[in-house]
Amino acid sequence: MKELIVKVLENAPLADGIYKLKFSLPEKMCCLRCGKFVNISVGDSAHLLRRPLAICEYDEKSVTVCYQLKGSGTKSLSKVRAGESLSCVLPLGNGFTLEENEKRIALVGGGVGVFPMISVLREFENSDKRFYSYMGFRNRGAVCMEETFRALSEKSEIVTDDGSYQKRGNAVSAFFDDIGNAKPDVILSCGPAPMLRALKAGLSERGLKIPCYVSLEERMGCGIGACLVCVCKKTGGAANARVCKDGPVFEIGEVEI
Amino acid sequence: MKELIVKVLENAPLADGIYKLKFSLPEKMCCLRCGKFVNISVGDSAHLLRRPLAICEYDEKSVTVCYQLKGSGTKSLSKVRAGESLSCVLPLGNGFTLEENEKRIALVGGGVGVFPMISVLREFENSDKRFYSYMGFRNRGAVCMEETFRALSEKSEIVTDDGSYQKRGNAVSAFFDDIGNAKPDVILSCGPAPMLRALKAGLSERGLKIPCYVSLEERMGCGIGACLVCVCKKTGGAANARVCKDGPVFEIGEVEI
Amino acid sequence: MADLKVNLCGVEFKNPVIAASGTFGFGKEFDALYDIGVLGGISTKGLTLEKRLGNAVPRIAEGRSVILNAVGLQNPGLDAFLAEDLDFLKSKNTVIIANVAGKTVEDYEEICARLDGKVDMIELNISCPNVKCGGMAFGIRPESVYTVTAASKKNLKKTPLIVKLSPNVESIAANAAAAEKGGADCVSLINTLTGMAIDLERRRPLLANNTGGVSGAGIKPIALRMVYEVSKAVSVPIIGMGGIVSAEDALEFIVAGASAVQVGTANFTDTLAMPKIIEGMNAWLDAHGIAGVQELCGTLKMNG
Amino acid sequence: MADLKVNLCGVEFKNPVIAASGTFGFGKEFDALYDIGVLGGISTKGLTLEKRLGNAVPRIAEGRSVILNAVGLQNPGLDAFLAEDLDFLKSKNTVIIANVAGKTVEDYEEICARLDGKVDMIELNISCPNVKCGGMAFGIRPESVYTVTAASKKNLKKTPLIVKLSPNVESIAANAAAAEKGGADCVSLINTLTGMAIDLERRRPLLANNTGGVSGAGIKPIALRMVYEVSKAVSVPIIGMGGIVSAEDALEFIVAGASAVQVGTANFTDTLAMPKIIEGMNAWLDAHGIAGVQELCGTLKMNG
């Protein structure tokens, strides 16, 4: 984990309100892994806080993140041009891990939660893992990375909240509808809290004991575990866990969502 | 006078610690004149104040200003790249005017004060005015626009504080040494307050009554005459004048420098 | 088009956006950039009985997303204002608020008496931190806020009184309550926070006056908290200000309890700040299907 | 290489740069980025007798060049700190300052008694605005500042006492004097200003705690003025903080009267902020031919 000055290679729209940012690494970086994230400056000194963004794709010399334009920071980030530099602390968080015996993997992603799912597919591209991907988007305009999901998944379903593209619905219902076919050994998921809550409820309603890991979002300060700004409650509420340091990936039963 | 979003055409070093910024005007601009100035944003939202910079050169479609890197604002301005936009209020201030019968003009410029002097030379390029230019710089590295001064002046002298280029000395002494030759009908000057004080003292010591106009610098807020931040004292101290609105050009006897 | 009209103490504003005292002069200069008649109102440069030359320069310094000013109430004096500046403002279709300051309670009494009925509202500046001998002292403790308010109100038969509160206090809510008790028809807040900028090379303050008033976007969270706090302490209407740059900022102040807002420093950064804020408020209200801006006033719900 | 050493109440600091409480935890995390032994000192996360889970999330919001936080003193409690965190800090060659907070005077007494002799200095947080039932109340009036300082000092036979002052007061100089009278060996200022950030769409405060502490570059001018003001009111040494980002910022606080500085929010923006500040101070002092940083302390000259 290091703070680096990175150079922007690409920073362009990918879908409605979604930008793809690719930046080069000034030096070889160890421990880059799927499900980890970066904490990046937004190119405007009035924003004191970095924005946490999931590693979507990476190689020796570069990292790609995809971000939705929401507030003033991501708006400012979208104006940064190729060739400019940003300050980035990476890689952060624990990331997703897959056991040797976990061969059939269900990926359930919603909204910006689809991007860390891409990083999992990339990492196990030539492995013996078989992925069943269920990705939910707001509408047709927001859909992105569809080809990558299809290319790297045994089976890939895209759903939209308003039904303007392929099936109407959300990623969790699409997953449960197809669970008989997917028969996953493990479930990896990322998306807004309501979606993760639906996944948790769905599993317990069906009495399913499949190991399930979720990547959470919380507002951050330091991003490296020191300031206790980004906590979530551990199940039972007797202790807190830091999303940035103890997470962002948690076993679904471990934390209150 | 208008607030415009202008596009940066050029923004590159001109001399040691001096940048030349040329920007395009989105529409035809009336009343651009030598000695006026622009109030321009610096491309970083943490700087709430615009920077006042003298119009150095202008045409129908563009304006050029030259600025010294001093504090954080000009530093931020120097990082703005061609193609980016800035917000600019222009043209501001009264500017220099020359009477019909003022044929021989002495230009006395010091430091960044040389840039408005260029605007005078440009404006009267093909006129019957004859210019005697005396320009002072910190050192050889800071010297710029020498060719323009030589090309557009009857006579042009460059002096440096440390003598590292041409004559050692300052613009005011160079001017007074040559006043017998220049025999100016009017003197136009811009530079740091100490230099303008020396000019005023020099004129009164020699009992000279030559009309002399100086362009002052003061820290500004609105830049358009409303907030009374940028005042200087009128001679006698009974009233204030606004450098941005009543100036920046004043008859040398009119204000306390 | 949403309804932006707001009525403060019987005075009708076409919209809640008012130019903050000291950043807009008496309107002439900005009128060269846009018709200032579009504004809800204008609070004039702080007026004193006698003409004042104000502090030495430099009178302004910059921080990160804030500025400091120490103009020192330079103004033409009440008579010159009445003779030379008021008519221009009257020719514009906008609410005229005379911001006034004094060194003694008697000053405030006299200036109010002489302005009564000549302007739409009077805003007492009891907190401008620049003037050594007056201003600041009144705005600190509730007792002196009460005294100067009551003395001023006594001389105001026709013109509603706004008391402008300083943030450099223990409890701005207690001061607001004291102003209300003293007869204030309205309170406006916040005036500037007191700060210092240092020239490290010369080891001297950058402002000739040493300290100055801090304003601008960086202090918005402090101003917003204070407007909310005051809205829970008084029932008179509130004019909120402090770092407002965008329509969203203005609407946040209204949600926190303000009926109208003032915009000051943002006019330096963007000369068209206020017209854009008015337009932006309209667009936001339409997009959210809200008919009138006053429906938002004080609708902030607390968490937990 | 200039001499950056500073001695506060007998405690030797290798340089005047200290990590501000609450932004640096107990040092482990930042030590993964650089050897925190380079720092002059570290002020721990605010410690309370019992373990605390702190406030609900969101605990942080952003303004322009400022942030708001409402962590609510989540900390492992005194015992866990002594058992699990102190040793790591001791393994690092840096001054250990335990920041402590309590709900009652008795809390402060007990926590000081139990920490006496175990850390290099103790910093009383009497102004952290998050905790509803304690903290904030002590830091408002001089009388309560005096009471809590005297009670704490009574139990400190070996460890020097720093009292950390709140800026949300009428006169921070009066509070500093009260702390000095109560036996404080040193004062540190400023803690956070109280502010609010609003989510306009939900019409609710962004922070779950509704209000939070404002910090970061935007509030530097206010902190700087307060350090200068306090330097004229007390003779005990001052630790200055509030918006320090660069070496120049730190040196400005020292010129204004601080003997040492703390850096908090800047660690979020730039994880290497403090090492850069230390380097920058060295370079500035060498460039200006100044042998030791303490020569600058309190050398600010007023204008006019």
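Lettered A, B, C and D in written order, each chain numbered from 1.
Here is the rule we go by: a contact is a pair of C-beta atoms (placed from the backbone, for glycine too) under 8 Å apart; a residue touches a chain by one contact, two chains touch by 3 or more.
Chains and their UniProt names: A, B = Dihydroorotate dehydrogenase electron transfer subunit; C, D = Dihydroorotate dehydrogenase.
All of these numbers come straight from a predicted model, not from anything done at the bench.
Asks: On a CA-centroid basis, which chain has its centre farthest from subunit C (Dihydroorotate dehydrogenase)'s?
Replies: A
Asks: Can you give the whole-Å distance between the Cα centres of subunit B and subunit D (Dihydroorotate dehydrogenase)?
Replies: A distance of 46 Å separates the two centres.
Asks: Indicate the whole-number Å distance between the mean C-alpha point of subunit A and the mean C-alpha point of subunit D (Dihydroorotate dehydrogenase).
Replies: 36
Asks: In whole angstrom, what separates the CA-based centres of subunit A and subunit B?
Replies: From the centre of subunit A to the centre of subunit B is 55 Å.
Asks: In subunit B, which residues are in touch with two or more of the other chains?
Replies: Residues 45-46 of subunit B touch two or more partner chains.
Asks: Give me the residues of subunit C (Dihydroorotate dehydrogenase) that touch two or more other chains.
Replies: Correct list: 61, 64-66, 217.
Asks: Could you draw the chains as nodes, link the ones that touch, and say if you get a line, ring, star, complete or other?
Replies: Shape = complete; every chain linked to every other.
Asks: Note which residues of subunit B are touching subunit C (Dihydroorotate dehydrogenase) in the complex, please.
Replies: Subunit B residues touching subunit C (Dihydroorotate dehydrogenase): 1-3, 41, 45-50, 73, 87, 89, 218-232, 237, 239-240, 245.
Asks: For subunit B, which residues are in contact with subunit A within the complex?
Replies: Of all residues in subunit B, those touching subunit A are 44-46, 81, 83-84.
Asks: So in the complex, which bits of subunit D (Dihydroorotate dehydrogenase) are touching subunit B?
Replies: 64-65, 217
Asks: If we count contacts the way the header does, which residues on subunit C (Dihydroorotate dehydrogenase) are in touch with subunit B in the complex?
Replies: 22-25, 28-30, 32-33, 45, 53-54, 57-62, 64-67, 69, 71, 74, 216-217, 265, 267-272
Asks: Touching residues of subunit C (Dihydroorotate dehydrogenase) toward subunit D (Dihydroorotate dehydrogenase) in the complex: what are they?
Replies: So the residues of subunit C (Dihydroorotate dehydrogenase) touching subunit D (Dihydroorotate dehydrogenase) come out as 56, 61, 63-66, 68, 140-141, 168-170, 193-198, 200, 203-205, 207-211, 214, 217-222, 224-225, 228, 243, 245, 248, 251-252, 255-256, 296, 299-304.
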